[in-house]
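Just so it is clear, A, B, C, D, E and F label the chains in written order, and each chain counts residues from 1 on its own.
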Amino acid sequence: MATLGLIEYADASAEVRAVYDDIMVTRKTDRVNNFWKALARDPATLRRTWESVKQIMGTGALDALTKEMIYVAVSATNQCAYCIASHTASARKAGMTDSMFAELMAVVGMANETNRLASGYQVEIDEQFKT
Amino acid sequence: MATLGLIEYADASAEVRAVYDDIMVTRKTDRVNNFWKALARDPATLRRTWESVKQIMGTGALDALTKEMIYVAVSATNQCAYCIASHTASARKAGMTDSMFAELMAVVGMANETNRLASGYQVEIDEQFKT
Amino acid sequence: MATLGLIEYADASAEVRAVYDDIMVTRKTDRVNNFWKALARDPATLRRTWESVKQIMGTGALDALTKEMIYVAVSATNQCAYCIASHTASARKAGMTDSMFAELMAVVGMANETNRLASGYQVEIDEQFKT
Amino acid sequence: MATLGLIEYADASAEVRAVYDDIMVTRKTDRVNNFWKALARDPATLRRTWESVKQIMGTGALDALTKEMIYVAVSATNQCAYCIASHTASARKAGMTDSMFAELMAVVGMANETNRLASGYQVEIDEQFKT
Amino acid sequence: MATLGLIEYADASAEVRAVYDDIMVTRKTDRVNNFWKALARDPATLRRTWESVKQIMGTGALDALTKEMIYVAVSATNQCAYCIASHTASARKAGMTDSMFAELMAVVGMANETNRLASGYQVEIDEQFKT
Amino acid sequence: MATLGLIEYADASAEVRAVYDDIMVTRKTDRVNNFWKALARDPATLRRTWESVKQIMGTGALDALTKEMIYVAVSATNQCAYCIASHTASARKAGMTDSMFAELMAVVGMANETNRLASGYQVEIDEQFKT
């Protein structure tokens, strides 16, 4: 059903396998998500997307778990079904408990509500926020 | 410019002042944002919204700073100008450094990109994510 | 600032003036919004958009006020600043009181929240809704 | 498939059953939607969400049917599959006919179109809307 | 599952068949998509929507293939599953190759990312863009 | 107003200047947009974002003008004010005429409308699109 099909490891070129290998090593797993298999038909897209994700998602000023939860928050806001499913799994693997998930979703829900209230009520930005 | 105007503390009813006071005590500040002043024309909305925010944003399984950053992530995804301005300020007050902000935005940007790639490529959800 | 500029009545072609006249007659007003003046550079777009709006917004199974409020609800959900400003004015002209506006926004806020909760929690659609 | 599973009435705690009962009484129904069952794993979220919905959706300056239709309009704008299914059912139960639905969707479609035209054409807000 | 059901050609009124015929002639096909069959319950919506699409999608300053690809770009941005499926098919029929699709999606992904970076970083619009 | 301020060329580190120089050479211009100046506070974000944009936006199976127009289409759909302003300028520089812009916007508007109609009417995906 994926627009360009899914490229399985067995059918992948050396270039694509190199990316698959790096994904599995970095994420300490023995499988590759459908997302990567779908992008693999265009190796340039696969490589650039993976390199960016790898660069962005490692621990830095924010730890990996916090980053995974932000990914879930954005995916839930955009209501991307694939992304919600895969990133909820990633966040759990990184340590997100059910309580953390519920609190995360409570914030996501409230933020989506107050965003529209602020816009709908045409609230002018407070001067002190403009610095 | 706010649709129903802004209700300043000096002009507020006792009911509205009670909410304003609770906001200032809870947030340890001596001012009330335009957002609350805009909602105050409808005291029921003001009270319900504040009570929900107060319940949701306190430290729980997730600490307050993480919750504030999730709020920024959602507001940036939705591109709500007021909310980005006010919640960036709140997050900074809760301890978000410039480095944390930059990493947060990198995740937000990447997630908004991969959400569309997953949807646009019509990627089927992996079986293992369906549990 | 409008991308193709604004075409004022005095500078408009006969084709464009015909649409401006119909807008003013239909809406019982003596001015044309910037929105229509911005589209006027492309008369085909102006005419098609106005004809569709005119067809859709008149009283039918739903009255005009209800339709104007739905327009505000969508514009607030999408956070379109121009549209929130102009359609709030239209809705007020059609009879929307401050109380109606506040209740409308309360529903808009809540719906935007529960939409994300339903998606984020990956709630399966109840069988009885599938008919 | 729901992230935290669904809590059926039979397996629910007294706290959760109390909310389920109130939902069924208020909505004059003998079942609880999957949405509520999914939130029930976090009783605080369940209770707060239901209390807000109950407060917001009753007849006030706007009647219940109008509110249900606004909920459909927002859900369709956000394209939340679960919400479109459940709220279309609620709106029908509140009296929405097929003609009302078609007119509602016509407004939703048009508003989503003109929101992007206004933004894309960078239309400046008319002075008279800024009061 | 479609809210108002699907109206098959065999069951359609003369008014609806006239639109179906025009769709098939214009698109050089012998079938009508579910989208049109779903709108057909409200002939006014069906006719207006088709007339607008017909007017907009033909070759003009932009050729038909470019227009179909823009349609895919918008549908992917909004993550409308039905639209991504049907418009990807239309674009392929108009000449979109797999390479074009991959490049289109790369731009869509990047644009959705930089939109949020620009908004999240609260970047002020450069003076030279304001003309 | 930009959250981390804007880094002007004169105040930039060698690392940041290298990216600014590459932007100006690649785009054949003598200035750098506020967008890049805002990201420059985090050189890793600046570099990665520019490298991706540079890779994606050059002529390939799709020419540069088509890619710029897709960027405008996405930015208009998301209603990102900064992006609409800057990318409309880029598209014009790449050859987009007023007529092309108007036709582009007509498709963007229509697609945003039919996306919601397809979702709101809960249209099931045609079998032939599932291959």
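Here, contacts are C-beta pairs under 8 Å (C-beta built on N, C-alpha and C of every residue); 3 or more make two chains touch, one makes a residue touch a chain.
What you see is a predicted model; the values in this text were computed from it and never measured.
> Determine the set of chains touching chain A that also touch chain B.
C, D, E, F
> How short can a chain-to-chain path be from chain A to chain F, counted in steps between touching chains?
The distance in steps between these two chains is 1.
> Touching both chain C and chain D, which chains are there?
Where chain C and chain D share a partner, that partner set is A, B, E, F.
> Report the chain pair from A-F, B-F or C-D that duplicates the A-B interface, where duplication means over half of the contact pairs agree by residue number.
C-D
> If you take the mean of the Cα atoms for each chain, which one ends up farthest from chain D?
So the chain farthest away from chain D turns out to be F.
> More C-beta pairs touching across which pair, B-D or B-E?
By number of C-beta pairs in contact, B-E is the larger.
> Under the over-half criterion for shared residue numbers, do copies chain A and chain E use the same patch or different patches to meet?
different
> Chain B and chain F share one sequence, so how far apart are they rotationally when you fit their Cα atoms? Give it in degrees, rounded to a multiple of 5.
Fitting chain B to chain F on C-alpha positions yields an angle of 120 degrees.
> If you average the CA atoms of chain D and of chain F, how many Å lie between those two points?
The answer is 34 Å.
> Just the number, please: Cα centre separation of chain C and chain F in whole Å.
One centre to the other, that is 27 Å.
> Indicate the whole-number Å distance between the mean C-alpha point of chain C and the mean C-alpha point of chain E.
Each chain's C-alpha centroid was found; their separation is 21 Å.
> Find every residue in chain C that makes contact with two or more other chains and list them.
1, 3-4, 44-45, 48-49, 52, 56, 77-81, 85, 88, 99, 102, 105-106, 108-110, 112-117, 119-122, 130
> Mapping chain-to-chain touches, which pattern fits: line, ring, star, complete or other?
Topology of touching chains reads as complete, every chain touching all others.
> Help me check something: in the complex, which residues belonging to chain A touch chain B?
By the definition above, chain A touches chain B via 1-4, 31, 33-35, 38-39, 45, 49, 52-53, 56-57, 60-62, 66-67, 69-71, 73-75, 77-78, 80-83, 85-89, 97, 99-100, 102-104, 106-108, 110-126, 128-130.
> Under the stated contact criterion, what part of chain D meets chain A in this complex?
3-4, 41-42, 44-45, 48-49, 78-80
> What part of chain E is in contact with chain B in the complex they form?
Result: residues 72, 76-77, 79, 81, 84-85, 88, 105, 108-110, 112-117, 119-122 of chain E touch chain B.
> Sort out for me which residues of chain C touch chain E in the complex.
Listed in rising order, the residues are 1, 44, 48, 52, 55-56, 130.
> State the interface residues of chain A toward chain D in the complex, per the touch definition above.
These residues of chain A touch chain D: 79, 88, 98-99, 101-102, 105-106, 109.
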